[in-house]
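In this document, chain identifiers A, B, C, D, E and F correspond to the written order of the chains, with residue numbering beginning at 1 in each.
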Amino acid sequence: MSAFIGATPDWDEAKAVIFGAPCDSTTSFRPGTRFGPAAVRSEAFGIETYSPYQDCDLEDISFFDAGDLELPFGDVPRALETIESMAARIFDAGKMPILLGGEHLVTLGAVRAAARRYPDLRIIHFDAHADLREDYLGVKHSHACVMRRCHDILGDGRIWQFGIRSGTREEFAFMRAGHVVTEPFSVKTLPSLSFPGGAPVYLTVDLDVLDPSEFPGTGTQEAGGLRFAELLGALTEIFARFNVIAFDNVELAPALDPSGRSTALACKLLREEILAAFPN
Amino acid sequence: MSAFIGATPDWDEAKAVIFGAPCDSTTSFRPGTRFGPAAVRSEAFGIETYSPYQDCDLEDISFFDAGDLELPFGDVPRALETIESMAARIFDAGKMPILLGGEHLVTLGAVRAAARRYPDLRIIHFDAHADLREDYLGVKHSHACVMRRCHDILGDGRIWQFGIRSGTREEFAFMRAGHVVTEPFSVKTLPSLSFPGGAPVYLTVDLDVLDPSEFPGTGTQEAGGLRFAELLGALTEIFARFNVIAFDNVELAPALDPSGRSTALACKLLREEILAAFPN
Amino acid sequence: MSAFIGATPDWDEAKAVIFGAPCDSTTSFRPGTRFGPAAVRSEAFGIETYSPYQDCDLEDISFFDAGDLELPFGDVPRALETIESMAARIFDAGKMPILLGGEHLVTLGAVRAAARRYPDLRIIHFDAHADLREDYLGVKHSHACVMRRCHDILGDGRIWQFGIRSGTREEFAFMRAGHVVTEPFSVKTLPSLSFPGGAPVYLTVDLDVLDPSEFPGTGTQEAGGLRFAELLGALTEIFARFNVIAFDNVELAPALDPSGRSTALACKLLREEILAAFPN
Amino acid sequence: MSAFIGATPDWDEAKAVIFGAPCDSTTSFRPGTRFGPAAVRSEAFGIETYSPYQDCDLEDISFFDAGDLELPFGDVPRALETIESMAARIFDAGKMPILLGGEHLVTLGAVRAAARRYPDLRIIHFDAHADLREDYLGVKHSHACVMRRCHDILGDGRIWQFGIRSGTREEFAFMRAGHVVTEPFSVKTLPSLSFPGGAPVYLTVDLDVLDPSEFPGTGTQEAGGLRFAELLGALTEIFARFNVIAFDNVELAPALDPSGRSTALACKLLREEILAAFPN
Amino acid sequence: MSAFIGATPDWDEAKAVIFGAPCDSTTSFRPGTRFGPAAVRSEAFGIETYSPYQDCDLEDISFFDAGDLELPFGDVPRALETIESMAARIFDAGKMPILLGGEHLVTLGAVRAAARRYPDLRIIHFDAHADLREDYLGVKHSHACVMRRCHDILGDGRIWQFGIRSGTREEFAFMRAGHVVTEPFSVKTLPSLSFPGGAPVYLTVDLDVLDPSEFPGTGTQEAGGLRFAELLGALTEIFARFNVIAFDNVELAPALDPSGRSTALACKLLREEILAAFPN
Amino acid sequence: MSAFIGATPDWDEAKAVIFGAPCDSTTSFRPGTRFGPAAVRSEAFGIETYSPYQDCDLEDISFFDAGDLELPFGDVPRALETIESMAARIFDAGKMPILLGGEHLVTLGAVRAAARRYPDLRIIHFDAHADLREDYLGVKHSHACVMRRCHDILGDGRIWQFGIRSGTREEFAFMRAGHVVTEPFSVKTLPSLSFPGGAPVYLTVDLDVLDPSEFPGTGTQEAGGLRFAELLGALTEIFARFNVIAFDNVELAPALDPSGRSTALACKLLREEILAAFPN
């Protein structure tokens, strides 16, 4: 499997490590995110390493692409453990984990590793869906519950959500009760978001936060989403203002978008995130 | 066939009745709207009954889903009569008809029933196309003529059009002559629209008023359309300010959008319309 | 619109005239055959005028391509009259009509013209479906009834069907009662088919007689169909042994087969039919 | 959700019960079979209840369609238990279970119930793939291992496989060691297959045994498969000669075949199986 | 092949001549633009000749559609010469060339003809990509180098670029060195653009300047593009304020957008450009 | 880029070398074969290394996968030279070249190298199209002329063609004049084909020799082709009876077959060819 464009073949010198988690076992609607990481790698040759947005180039940054984890299809607990181990190994090496999903549940593996290392961890979460259910059809380890499981670990006041435009009445009641801080529909409140100085942030981007017109390649599409420029602006700001210690991009299902623009966007966004994470 | 999510199985208690008119006999370009109503029902399980936009839930509203009418393929007059009868039956029961197309011509059946019951009927019309031709290739009962046929019934000054961005020179001359009131391209003049207090309104939404990027699943796409948020805002305002006695959503052709986002949008829009029509 | 490859621009010298009937108003399942004739013309540039099967070339035969009839969408009786007039005009000029559908109902227009001119007309019919219903949802002029309407005109013992593999119990009872002669599933009995010498034959080919693997571009697919080589062999034999005075190919719906092989096959089949109809 | 065409709404009078198991959690390549049962039901309106192959009609047979089981996404053991319970409940009521997958692993749930009730159970298995691995990436409950798990239950000499054309060296060694009886590539040996009189047979049909040209709507396609007519002939013979006490059709992934012919074939095959299972 | 809607069949009276250059030999990613011009012609019947944006009608303007050039596949120099000759012939006849690509390299043929005729030629260029490479994999006549080749002809300060959002570090350095004037991402600086009065302008529009959500039918999609309304506004302004002596629309690859909205947009844009070029 | 399954990473020990030629510059209809080699590699993980057809396993054979050549888009002569050099280098190392197209023209590069090394070279050619034109639109180095160019090198009586079912009258006259030996439509004469003992054979397989139902993923589809089992049987026989010194598989265009079965078939065929070329 190709590495992402601009990656170094040298683990030791790398400041960050990309790894894919090709898992969609709990997907409740249209599956296919397991092919997301591979598509991002193989399509990346269609973009440049240089960003005119940030005027810098991937070739000036050392990051390693570890390929995809080999996850057992249908064994969710073991899949999460494998993801957690990999993230922990990357943290232990003093590098930044960059996780490519797969479905959103994979975030839980990486957050477990991050929370163990950084007890004061915060999460910034972009998504169309709240993902705050206590369970989904009786299953607690489901993509629809992933932020609730993160809340189980981190507790109140640690999770900030943006762009949410779908959820049950119970999930919105959970937000309103103050367990998490949610800006529905948009990212306007981001400039006013503040933390204790230097608190470590795990950034999780469910790409379906984007409008389905720009990102149709995902299983559960919700009209009324963010534009690419809005998301790019928000992410760039987060990397500039906060101490992001790991991040993920999840829920790209390439085959659901034969036009290929969703995968192309995901490639471009990943380039911009890496560049923003390691400014010159 | 499944009912739309949140529907009650009890006709008697329902305040509104959804029915589908799977007809595309006069479609002049790419057909397929006949599968629209069925797709809206079967895909609706992918959305929630709760709306974060209006903070209310379909489960608090009683509406009945009568399924699709059985329409004779290729016999347009009989199809229109069947639609008219169904709408009349719903009006007679003191309920609100909600018609799912099908091509736009189906609106004529429902408007006939509405106009007989409410002689002072107004129509508010969202569409990319004027639909004001006197005839189309010699056929008067065509989707391309449907608003002209409504004008035949209602006369001047009763029809308001929004979002129109395609038509013949003759159709735009017809508008300019004052027979109907048209805002091309957008919905900016909606706030200044006013009627005699409480005048009954039939609301017809040709979903191709949306931009093709957000709603590709329709037969005749016109660039430069409304965004979902604009349309949702306009519709919510109309339900709040006017006395809507029936409405329809037409021209979803699900197979023309394999990504499924057009159908998902149509499901979500219908949820919002029902919630707006029956505020708590 | 392009003419079919090898067509002459000169009506007078032509021995045959191709015309399209882009009509699918009564299609009961997935529409789209209206685009069939145009696709056959525009894709034909991908095939050669020379046939290695028959070792002859379209360039040695004079046929005219009259383009598509302009049919009123949604007005079935007028559409049938238009088709009938065109076929009659071609017969009157001493030429052979070649009709491209559109849905199978268009055959009725051409058969009317043929039966008026040739009272002892026979029909040879290839199809997956019997098309022998008395009516379909109350409509008598439907694609599902077209051979029954032809039987109304011609009476018993005039219609031979091949390849039929779908129908209602009533339709198969109608066959067994001897009104028409049907070989289900295959074409094995063709060699034993005989007529009074020189009786005029109208040949109608619903392309869904082919197996859906070879011809997916049609609205109602039935597994277990003929292979291209079988159909080609049967048609070649019919042109060689019988007095075919007109023929049609119907039910190509190009958009239902994005691979394009259905349209390519239809082009090739039409080439072979024309070559077989006018041997050197 | 619609019931399959011709189903009775009355459980008590039914001799057979259809139920869907919308599960694809262990699918290792392209998922999507979870939508198989729903597609079979909604597309069945495109076929007739009458079979010209067997000259009988679904309307003369009483079978009930219980809809889809609600299976927890990502919890394979619980999903299998739910399937097993449903099959057991149907057996207890003296009816024949008809299981629609979903991925092939769902067969294990039904076979467990069948083997408990019928200790001398045999399995006849149609498939492109041997499904005889001891484990797949360490997972024992995987679609790629399902027949091995059945062998764990039944032991040697109880499973007959047809059409197999893919597997590992180890799987083919397992066959050759005589644990199961396999005819690779075809069904020619079926006439010579014999059992102790009346031994109960569970029939499992992985639809990818068909050639991908006829059945592209499945996740792992293997060239060189059976034709529809071959499979239909084989299945009809099995129902006629053996004591089939339950059967399943699995691995239809409708979205992978936008032409729809795979789903149409699956509908038709199910009609023929039901008719063959309950001859007049 | 059909002509574009509203075209006159009379070369002599025409003020402008459309011609297609169905060439994609140097396309480096997903090819298919060779079918662009044909698609624009055949799909144009889906739009009206009247523009509500400009309140004028193609039927009031005389332009000729010369169809597609016959270009040798795989012989790039000869293809460019053929395009140059055709453009020169149109200039010689005192008419405006309107070139439809094909890939962007075709522009070079037309610019050569224009520069010979108008030594003080300017180029206004809309594109997602800078197209300023010195060579691409050693090839100088590549779509990725087309504006650099134009710069070779015209020299510094003659090319204005808008909407550029992708390129190599070297290309952006080339811009910053002042060889061309580039506004990345948008068209905001257009109002301040000024030339010596009446200087001749060649306008080249790579349609991938549009956002991929609105125009997915192109080979190399870049998120974050212009909206249709922005592009239309910019183009209308250019025709109003500058002396456009020729223009092209390139990089439509129709098959990459099965929804058809890219082709529909290209048809509509061409209508608006022609109307703007020849105001009443 | 991944290597083909079962490949060794060690050039030295390899008996054969796979290399891709991602070139489709002269494709005259629907391009896209440039992505063929990459698709074969990335999809091969969906098949097994073991063949039940030949009862042997790729893991027992040493072959190297050199990846794709970097070919200049739009510079055909240089592309052919690059292919020729690579083939010559593989011959020089005493290994067998296995070329993956790309369009059929790439064969010319490999045949040049083979003919220089083996002056008594024969070619066995499977194809739907004769590829014997003297030129195509004036271009001599075109996919439609590739076998004619090979004939230029080898002379009369050296090329055997199978499965041909399309060509111009001139091409079939060329065959009949005895320059090449052609069996149209099928492979029945293969058993009677004989050569001087041990004469070296270049085997070229244009995959469009297969029926489009089994292999839709190619640019120019011709109904009436070979079945997979026929082609596999013929190729196995050729490897067993003749001295094949190199071979190629060309004209897979993966994106034209979204079902993926064409790519899956190409993977499986390549596995079988390698196994047949190096029997244990």
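Worth a mention:
Here, a contact is a pair of C-beta atoms (placed from the backbone, for glycine too) under 8 Å apart; a residue touches a chain by one contact, two chains touch by 3 or more.
Remember, predicted model here, so these are calculated numbers, not experimental data.
The set of chains in contact with chain A as well as chain C comprises B, D, E, F.
Taking each chain's centre as the mean of its CA atoms, C is the chain most distant from chain A. The greatest centre-to-centre gap from chain D, using C-alpha centroids, is found for E. Centre-to-centre separation of chain C and chain D, using mean CA positions: 38 Å.
Within chain B, residues 30, 211, 213-214, 258 each touch two or more of the remaining chains. Contact topology of the protein chains: irregular, matching none of line, ring, star or complete. Every pair of chains that touch is listed here: A-B, A-D, A-E, A-F, B-C, B-D, B-E, C-D, C-E, C-F, D-F, E-F.
On the side of chain F, the complex with chain C involves touching residues 29-30, 164-169, 172, 184-185, 211-214, 216-217, 220-224, 256-258. Across the interface of their complex, chain E is touched by residues 1-2, 38, 42, 258 of chain C.
Per the touch definition, chain E reaches chain B in the complex via residues 46-48, 50, 52-53, 55, 57, 211, 213-214, 228-229, 232, 258-261, 264-265, 268-269.
Those residues of chain A that touch chain D in the shared complex are 24-28, 30-32, 34, 70-76, 78, 105, 136-139, 141-142, 255.
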